[in-house]
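Paired with subunit B in one complex and with subunit C in the other, subunit A is shared by the two complexes that follow.
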Partner chain A sequence: MQTTGKAKEFRAGRKRQLFLRRLSPLLTILLLLLLWQAVADRQIIPRILVPPPADVYAAFTTALADGVLAKHTMTTLGEMMYGLLFGVGVGLVLGYAIAKAPLLEYVLSPIIVAFQSTPIVAYAPLLIIWFGTGPSSKVVTTAVIVFFPALVNAIVGIRSVSPPLRDLMRSLNAGPWRTFRLLELPAALPVILAGLKTSATLAVIGAVVGEFVGSGSGLGVLVIMARSQYNTPLVVVTVLTMTVIALSLYGLVALVEWRLLDWQRRAAS
Partner chain B sequence: MLTLRRFATIAALLLTSLVGAQADLTDERILLTFIPNVQFAPFYLGIQHDVFSDAGFDVALQHLQEPEVLDLVAVGQANYGIVSGEQVILARSRGRDVVYVFEWFQQYPVALVHASDLDLSDLAALRGLRIGIPGRFGASYSGLTTLLASAGLNETEIELNEIGFNAPEVFCLGAVDAAMVYSNNEPLQIRNLAAAGECGDLNDVAVLTVASQVDLVSNGLIVNRGQLDEAPAQVARMVGALRDALQIAIDNPAAAYLASLPYVDTLPGADTLVVALTDAAAQQQDFLADDPTRSEVAASRRALAEQLSEQFDGAALAQFHVLLNSIELWDADALGFSDLASWEAMRDTLALMNLLGGELGDLDSAFSNEFLAVSDE
Partner chain C sequence: MRFSVENIEVNFPAPAGDLLPALGPISFEVADDQFVCLLGPSGCGKSTLIRVLAGLLPPSAGAAYCDGELIQHPLAGAAIMFQDTNLMPWRTVLDNIALPLEIAGMSRPERYRAVRKLLPQLNLENFELAYPAELSGGMAQRVSLGRVIVQQPRVWLLDEPFAALDALTREALSLELLRLRARSLQTIILVTHDINEAVLLADRVIVMSRRPGRLVADIPIDLPRPRLAEMIYQHEFLQLAKQIRGCIEDQRA
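== the complex of A and B ==
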């Protein structure tokens, strides 16, 4: 009986901890909002630079009602999705190839590293000139920025497969496809998904940088237009929308990870 | 020993006078747009030729985006900035209390560049054209709206392409039929590309300036309300100093170019060019001693351009030509003045673009010429 009581108490404690842990991000956001309102009310920073949350909310409802926010968000989302598909796809395939053929790494790594180490804002204007002023150039800027995490994590993931397991697959006469499907992919998946989380958050940056350089629609354009009209609340709304998109994408990948790696957790427990 | 002591005394005196002189100066930051460029030569020249320091200012320059310039001036983080007129109207309609006190560009610099064989003598010919623009914001967009309104057209009757600040490349690739540009810069770049055979089969370009249709208020000096109320005499001195620096740049472009060299890293400055410009600046100074008329000075600039073209190629002189083109936009009988009509035209354009909402803006408080008059006294 005593043991059961202690167990109940332990479980209740765990529940409280879990509840508090889940509540803490919301509390942080609430605290930030209160701080923000206080800064605006007391004019610590002029309202034209930091508009109060109420003004931002008003700008949000207006932009939502007239369809402006939805229109620009859809453009950016479209560019991001195509960029992610293209950049991550190429990154994973190339990453697998490099992991299997080290010679390829010697040949390609100088180009890949050079491309990656150059800030995308520096060559984004060139991408606009090369790929046109339409959505394709924004898809390319997104693809370029999400490519590297996918590539690196694919290489690391595939190379991290334990050699004894590879020997086991060989002893079972498993061909390349079966080895990939039954060993390499499941073993590399945690690392690949970690890279995908990074790529998902970077995708917003890629699309918005492309839009900043030259575009007719998208959240990057909305920021420029709002800034040029001195509509600071709308700038804040747009930035927050970008943040929400990035967090949602991150959450989506985390959810996929949770579902795909369920077997790993069960095996561990 | 005596020599050493005398040397030390002289050095101490010099140092004291230098420190004293520095202490008398008021530190001022002037916020500029864009990046360091020869188009800002009057400011570089004002510092290098002690025009600002003679007026009591130790001026530092900083380049930012236009909305940032305006906001920082509005909240008093800097007292002075350079922005275009439409930004003043827009910002004031959103609670930024800044006042425009000196019109630097007397002509609106935005223009439509197009192939010279495209006849736009009738503006209705704009209908259906693919027109490139940096984006639906800023002076280029205001300029295009004005051109279209002059033609009785609206945006839906053209094919508008947002091309960023890549007009020369996009135009030369043939992706647009025409592009909104700054008349003092990009047309020259496109002509240079065409001369190098890198602009398709284009031979030459023509420029349709917005100023040829409507007089819109252009780039100028803004000041925040606090500075205006608390130190009007200082504002008048700053306005006077800017006008003097601008006049020197207009009168002596060679000196203005040389003054820009330390500020603009990529400005062509080969030794031979510097020597030629130094000679030209000295000769111009002698010429100015005879008190020439404005048209005589303009003729002297053209003569200098021709003389230099015989010695140097297009690439070496490209930025000098940008400066000369800019001077044409700055030059006027009375530097710095802006008139109500140009402000009204700009306000009407912004209203046409639905950027002012219900509020059309109080133009009387948006600009002032009174500090020009004070600085004359």
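== the complex of A and C ==
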């Protein structure tokens, strides 16, 4: 196809816009860093409360060099991964079952809603008593907190499958497995992936809450240890590590979404 | 395939708890290879009747038979075209048309070969990788039609397939339907509320009453085939259309 000069110009303009949009979050971060440095330089707030970026960076390299950061990060990551696997797994399967058998919803919803609306921080100690101070109790806190978005989005996703398409599958004599693979799963996928994004960010909260309540290792423990030693830079480093983990996990799901939902982007453009 | 409809009634549960009669009782027969149009006002139960014939909905009373056998399950050898295009938005044109073959267990190269053979007849050869949202209404309906043809069905059950299209596109697609059918004969039952469409396409028009739809008239259309767009201006065509309109107006009075 021939592209005219005007169309090219238009496309270049759109590309520039897109580039600026991608750049803007980085600019925000840069601005915050500058502000932070300025506050530290002028000693507006004591160093012990807001350590300057340089101190935080020093704490970061130290923690990296002596392996403290890596060790605790690995613990937390492991707890999160297993927690996600169980929580999301059970959530999706149960969500599918509830979408198919509405009676189940009546039976289970009191328990599910109770679990969801009671603050996890409040009953985390119970989970520690039951599952011990090792990683398994954090796997449970994570699983409990990531379970709900997975469940709800699975229910909504499967229920949103269009009845005429169900008729089509029936008229083609598609069995339950083919109906699931060719209709229900792809139709529900956008909603399920949206839920997975929420679950991914919640996973960090689940693991860290568990670690706060009682644990020997993990980023939550590192925060408590650093605070008790008045090592504020290390506290900041640990918190930022959690942020990076949460963002990466979110990004990972977003990437999967981007790959799988090509058709939605094409339809929107 | 021939159909026999015997005193079929369909009632739907109404909000108040009682039953809302949606269709019938209605009885008629459809012979092998016949093209029958079900014509009636909207809400008269035409689509419900198609669902019964397809084996998707059990009637509340009466029975429908296909080749002498009671229809209880979705019919093998019957293909349905739904009111809206009813395509899967996440599948390309190629994969949408290939869906019935995939469900039948055909391998990917085999089913793509079968679909690609069909695309030129449907004027879709440059769109096999497009998604439904990227197609015009007429093109999407042709994809939907392709999904019917690829099954090589012995019965086509068409539920107002072109209702959402503008008049010109609709006429063009109706005639395309006749052309695509001509190669090997099948029984076709088409639901419509358009008198001209019914007369232009059918061997026989069954006029239905308002809800609950009953049989008002059963009119044979003995216009010569192949049918052409110009025929709608011919005297015989106009006579038939007028007769059908008369049947519809009689029951309004």
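Everything below uses one rule, namely that the second predicted complex is superposed on the first by the 259 of 269 C-alpha atoms of A that agree within 3 Å, B and C clash if a C-alpha of one lies under 4 Å from a C-alpha of the other, contacts with A are read in each partner's own complex, and residues count from 1 in each chain.
Here is the rule we use: a contact is a pair of C-beta atoms (placed from the backbone, for glycine too) under 8 Å apart; a residue touches a chain by one contact, two chains touch by 3 or more.
The shown structure was predicted, so the numbers you read here are calculated from the model rather than taken from an experiment.
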Ask   = So, A:215: does it touch subunit B (first), subunit C (second), both, or neither?
value = first
Inquiry  = Quick check on the superposed pair: does A:186 touch subunit B, subunit C, both, or neither? Answer first, second, both or neither.
reply    = second
Touched partner set for A:227, first subunit B, second subunit C, both or neither = first
Request  = Applying the touch criterion given at the start, work out whether A:128 contacts subunit B, subunit C, both or neither, answering first, second, both or neither.
outcome  = first
Query = Should A:165 be classified as contacting the first partner (subunit B), the second (subunit C), both, or neither?
reply = second
Touching partner for A:46 - first (subunit B), second (subunit C), both, neither = first
Note = Going through subunit A, the residues touched by subunit B and also by subunit C turn out to be none
Key: Sites on subunit A touched by subunit C in the complex   = 162, 164-165, 167-174, 178, 182-183, 186-187, 189, 261, 263-264, 266-267
Ask   = Along subunit B, where are the residues that touch subunit A in the complex?
value = 65-67, 70-71, 74-75, 87, 90-91, 93-96, 132, 134-138, 160-166, 169-170, 173, 175, 355
Request  = Please name which positions on subunit C make contact with subunit A in the complex.
outcome  = 51, 54-56, 73-76, 78-80, 82-84, 86, 88-91, 99-100, 102-104, 131-134
Remark   = Seen from subunit A, its contact residues with subunit B in the complex are 46-49, 125, 128-129, 132-133, 213-216, 221, 224-225, 227-231
